[in-house]
């Protein structure tokens, strides 16, 4: 009887990139539907939507046009803080841990200290996105001043920044980016890594996370459980079948990338597909410190829904 | 003297022009082709000189991508999806523009409202409408249609209203003399009289509908299934398939040229040029 | 009969209108204020009814955010930055539009080129220009100016050219009769004669410059230091400071209203209304 | 010749009572006509005669309902004149009074459909008939911009005649026509009036035309137009060549030419020749 | 009256040689005038007289350089007529020939500055003078849309006169003027011609005006306009009231009224009245 009260349709939004591979696998292999049936629930009608940027995600979620949003962990924490007492968003699951890398085509730049006024660092979003926050964390560690590099940053989407960086004909000399752009840039030989986000955070950290409103999570606990189970299943499958996962990704995204290249990214030991959040509190602590959030969560469990608490998160 | 007059600036060409309209039309086509070839060559040359396919593919590479895109059927499907949204938004925009402009020409309050709304809302980017669009229409196509409507409504309304306001007094008096009802006065007098401006507004609205559609497709959410040409551009851009990105843009250009040639030029030739409202 | 005529639709109001122009102007202002108040109330009411400040803040909350934004100086600085870019792009767009339209009215080739370029480039979104803009102008302000120019150029050129083409034959003959040089013919005959359409184009260009600026500030590499009002909107949007987002939008609306009231209305009143080209 | 005030008609079709028309307001106000009082019975044809700029067109527009009055009252069949309507069809002075997007036939037919509520076929038939009467059958399907000035005016005349209004407002309708065509048009006008009992308000600069067309002539003073004389045209004077005609013509001519327009005539100091 | 071909002038200012003007092409082509051959010596004033739609305005536009010829040649001082220029100032038939964005003074002054290259002050002085001569000093600073039809035409006349062109092209310039003003304008025209030796090509529908203004009258057949007669106006006939005048008038009248326009006149079957 309770199952009938739960939602019959599930609207899930993702963004571009290989970071959303668990979603893509769940979609293509119809894992959510499968898990629902296994749990004895009617298979929900799943609608997969692509949106660009956390802001559009948030607005859609708050407007009730979406059930599950996804974005970088830092913007998610920010949204969690901002919506406390109103929309009350809450993490549903992490979408895996993978490093972001600051690359540069300027041979002189070996570390953050080597940037000069002539350098420009491209970031995919402004101020409060995932990469800008990590860059600020790194600047804080290096210079003791988190906004030291802000004046060098410009906002430019990943693909454009990559094209600019590789062209060598532009002011863009550095780019804080994510897979597969990291690997593409490094493989071209025209850029080298300057900084790895794992080093900044002190180890593997969640990159993207799925989140929803508390209201939805509380009204649909079984559906949420099914979703997490489906993501777990997707992660297990990816880990077990990296080659097939690469092929599936390429087919689903109509990607022109080389399957071996994608497979290499999936196999990268730094990349971990797991629903358990990693080092979420490192982000929240930093955000609290620089005043972007007003409440410092005591534990990652404050950020994520109860169904996840059994996982080994951090 | 014929020579002398032909040597005069085209803008000041005598009204006798219709004389050789038929031959002129052929001539025009020829010039257009020459210009198009020139632009294509320029593109090709510059892209080769640049030698950076990631930033700017050559024209030939773009055409190749275009042909492949159409051969695979994807580009055609995407274009169809976009056109469908576009037409819905365009249609809704035109209807609203017609209503607002009619209201504006019927009452002082309507006029003030139109002027106010145009001045206020026209400069707002599509992103400003997102919250309201999401609230009212949810994610996806209906919201897209909504922002396209916003993009079309104001240029068309503004141009039409400006056109209405510059209808000569004698023509207005002629219409009023027949005791026309307000809707008839608007539809049968003001609209044809302001047709040059309305057509300019329709052209602009069309262009802005495209611009907005492409820019909005991602912000407003699409699923791979329902994505249009904006989706095509974005996904290819995300994969650094620059030739495909430009193939998508070229498709927009081609659609623009076709619509211009068949629809707008045709409409102008069948109306304002035939009626002597345009030289 | 005065009553009867006043009861007639405003669109068909007799040309005797200037009769009480002075009193009318006051009257207009009054209506505008009423309408503005009505719109503000509507906003406030709907937002309260909705009760979702994250999505749509109330009008009063937005005004509070606006006042704070200006008090802190940030909003003013951002607006100034945006306006500077806007004016540069607008200016460049106008100059190019003037050149293209002049060319188009001087030669058949120019006319074909203008028509072709408008049909081709006008529908292209600003993103399409990104690679070329970055190539030519690099990151930041110059590229923004470039895309604003693109946004302004086509509507202004298209409107002006449509205006040029509908200048009545007798007026053209009058100008040619004086043996005017081509530039003089364009500047002293065609331009004032087409002023109603040119003004409509300027209004549209202004609006599209804003839209494009805001939309492009995110994609086109602005840094925190140099960001304008688009930057303000985006950063606040990313932080769900919705009241600030709407304060930014309200600023655009206010600037739009001021420019409309002072510049465009003023220009229209001093020219086409005074000259009887507009009712 | 003094101002001959018209004896008030018992049941006038049109009555103007102290009509004053102004343009602009305040210090820059221009008075077009002042204090015009005249009645028109059914079947009357009143010709307005007066120097350029004395307000004839303005007065016609006011009667047509296109322009508000600033003083006095205009009554049509006892009721204040309201919005314009096809019961007062106007032929304007300007050449741009045809709808450019309709052919010659289309212009007249459209007016009949809308102004008289006729169906398309009936309207078309009647339109053809009238277009034939103004001698434009050849250009039935031509658009207005391909017509000569006089041809345009004739289409407007056909349109106004075809609607058979109670009151025709004609502002120098035949000014652009040659003598022969003009005479034919005058004949058509008189025949139409006879047939339908229409009244006419007619502006012309031709004294012979005034006598030929009018039952009364209202001569106006130079700007701002005031009533100078209201002269009935005796039946006998209508035939050109009669002495009555010659007398009336001479008297009107003296009236118009004699009193030089102090405002519009060049001050003697400014004139160098002739 | 047969076609009196003009004896070729030895050194004509303007010579038309078999001029044919057409509109449109192919089957839908309309011939406006056909085979017009006439010379104009310096100081000649040629009046075009002909029924509405016979191509008078078209011919004027062709001479002005506004319209290409489709047959024959037009020479001005021995050279093929080229682009329009202020040496051939035109007064068009339409009322919308003033620049709406310039005042009455501004319109005339601007024409003088551009057409004659005068500086602003000189042009202004001369403009005021001519505006005074057409009786419009009162509206010096008015914009064209506030003028009456006749006033607009007078501004255009003042503009054309002020430029003192070699050849004046006047298309029914006085049609909208009352008798007195018209006579004054005619006087101004004649005085100007006397003073500057200007030649004139003049379109009118008034026979008396033709005689008063012209040194020669070219009468055209109905559409398409062909030369019907080229009649010199004897000096003796120029004075109204003389028998020479009466004779010429009667002969022209017979010429124009007698031969009914088969094309533009209503076919007798179509006419019900008159």
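Order as written gives the chain letters A, B, C, D and E; numbering starts at 1 within each chain.
Everything below uses one rule, namely that a contact is a pair of C-beta atoms (placed from the backbone, for glycine too) under 8 Å apart; a residue touches a chain by one contact, two chains touch by 3 or more.
It should be emphasised that the depicted structure is a prediction, and the values quoted were computed from it without experimental measurement.
Here the C-alpha atoms of subunit B line up with those of subunit C after a rotation of 180°, rounded in steps of 5. Here the chain pair with the top count of touching C-beta pairs is B-C.
In whole angstrom, the spacing between the mean C-alpha positions of subunit B and subunit D is 47. Once the centre of each chain is set as its mean CA position, subunit A and subunit C turn out to be 39 Å apart.
Centre-to-centre, using mean CA coordinates, subunit C is 46 Å away from subunit D. Here the CA centre of subunit A is 82 Å from the CA centre of subunit D.
Shown for subunit B are the residues in touch with two or more other chains, namely 8, 15, 55, 131, 134-135, 176, 242, 277.
Under the contact definition stated at the top, the residues of subunit E that touch 2 or more other chains are 23, 61, 65-66, 83, 94, 96, 146.
Multi-chain contact residues of subunit A (touching two or more other chains): 59, 63, 157, 160, 163-164, 169. Per the touch definition, subunit D reaches subunit E in the complex via residues 23, 30, 49-53, 55, 57-58, 93-96, 129, 132-138, 146-151, 154, 172, 175-184, 187-188, 190-192, 194-195, 205-207, 223, 253, 256-257, 260-261, 263-267, 270-274. Contact residues of subunit A toward subunit C in the complex are 54-55, 58-59, 62-63, 75, 78-79, 82-83, 86-87, 120, 122, 125-129, 150-157, 160, 163-164, 169-172, 292. Interface residues of subunit C, counted against subunit A in their complex, comprise 52-55, 130-131, 134-135, 138-140, 218-225, 227, 231, 234-235, 237-241.
By the touch rule above, subunit C contacts subunit E in their complex via residues 15, 168, 170-171, 173-174, 176-180, 184, 188-189, 192-193, 195, 271, 274-277. Of all residues in subunit D, only 61, 64-66, 83-86, 88-90, 92, 94, 96-101, 110-111, 114-115, 143-146 touch subunit B in the complex they form.
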